[in-house]
């Protein structure tokens, strides 16, 4: 298992008229976590792009447990549990002061941008992951 | 079953550098569909608010089947299958020229904003739904 | 002078915790108006793209006169006053029930995407504009 | 003059299909800078809220000099030059590796949220500012 943790400060831009973070914003926070964990394993997303790979999302699931509010400092924990085959799953736990806010996961497909079709992940990506899993 | 359909024109604002609609934007399109279907049954969300109810989301699920792109005219179909008890589920199908783009659902909880606790939906809301289901 | 008018229904997604539309969202509404007026003159933005032109923004100005709120139906009026040389200016007036909400303008540069440098607008674009101005 | 600097990592969420940051996103980065400089002077925005003040924006101006791209680490510099009377002006310079990306300013009005009318800033806010200006 690999995990990474980043922190984000909630802006007015993230909130809605109920005074809490609007539900779609958590998917942006998931992306921030995803970028961070890929850097942590030594394979930033930009390196995937350079090799003509992309990781389009094919599935998202979120459970909303509590509200995050303006000026909250949320912690975005990202987790990779398994070496991906064609599909790549990441899990997320967003908390604020130990209180669980949102949990969820995204599933991505490795795609070759020249052929525009699903492919296996690059060999060196798996090598990077294997150092941790 | 109740359904509603609205159309939305994709802006640059919705796209990301992969040239397709960014994955969180579909949750905004879901909200647009949700607002529309509540108006269609004669119980707009603003009426819920006036009565001190809110419908915070507690769960989201999305499957991404195809990409929507700039200037696409997407169709957002929203579906209510069941009379809600405490939890209220809505389903969504986003298509473009008959091509399935995203499907998903949201689950909401009825909340009394004064007591800030989950409650049953207002009686007249159920009456409105029963005309269709 | 050319003008176009479109309508937009305010979502929770557009609001912030003050209960009004967040200030950056109006720039998305400006884009919606821009897309519409270009279609109206018979030269949609996608046609510019096909010819390898882009219209990156180089300047924005907004004045906020009143608040738009959830479920408001805003009117986005877009205005082109002048035939562009290298720079292309569009003006916007966002109103709700005749009440002025936001006024502003954007200035864009015509750019050739292959040379990535500012250029004059395509000849047939000017021809389309001249039918109106 | 007071200045603050924060850094932000560009996500896919911020980009559009031209591969660069979408023009409205900079207004969110301005807000992040605004929050930061208010904390720096010892008067966070949440303190204004507690005292029933708000700072709605009444004017925005942006000039776009260069593009920021995915994964860029941008620096948001926020500047307060003057002690506000009723109107409060903040200036912003967004750079990436010393390259100027966007410059702009916002003008805000102090508003009493109970009376919903423009007022002078709270006395202790001015005291905080005077330590720096």
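Labels A, B, C and D are assigned to the chains in the order they are written; within every chain, residues are numbered from 1.
Assume a residue touches a chain if its C-beta (ideal position, glycine included) is under 8 Å from a C-beta of that chain, and two chains touch if they have at least 3 such contacts.
Note that this is a predicted model, so its numbers are computed, not measured.
J.: Would you mind checking which chain's C-alpha centre is most distant from the centre of chain A?
T.: Chain centre farthest from chain A's centre: C.
J.: Looking only at C-beta pairs in contact, point me to the busier pair out of B-D and C-D.
T.: Taking the two pairs in turn, the one with more contacts turns out to be C-D.
J.: Between chain C and chain D, what is the gap in Å from one C-alpha centre to the other?
T.: 24
J.: Can you work out the whole-Å distance between the CA centroids of chain B and chain D?
T.: 33
J.: When you check chain D against every other chain, which residues touch at least two of them?
T.: 12-13, 18, 20, 24, 28, 70
J.: Viewed as a graph of touching chains, is the assembly arranged as a line, ring, star, complete set, or other?
T.: Complete.
J.: Could you pull out which chain D residues touch chain B in their complex?
T.: 12-13, 15-20, 22, 24, 69-70
J.: Hey, which residues of chain B end up touching chain A in the complex?
T.: Interface residues on chain B, with respect to chain A: 18, 20, 23-25, 27-28, 54, 56-64, 67, 104.
J.: Note which residues of chain C are touching chain B in the complex, please.
T.: 9, 11-13, 28, 31-32, 35, 44-46, 70-71
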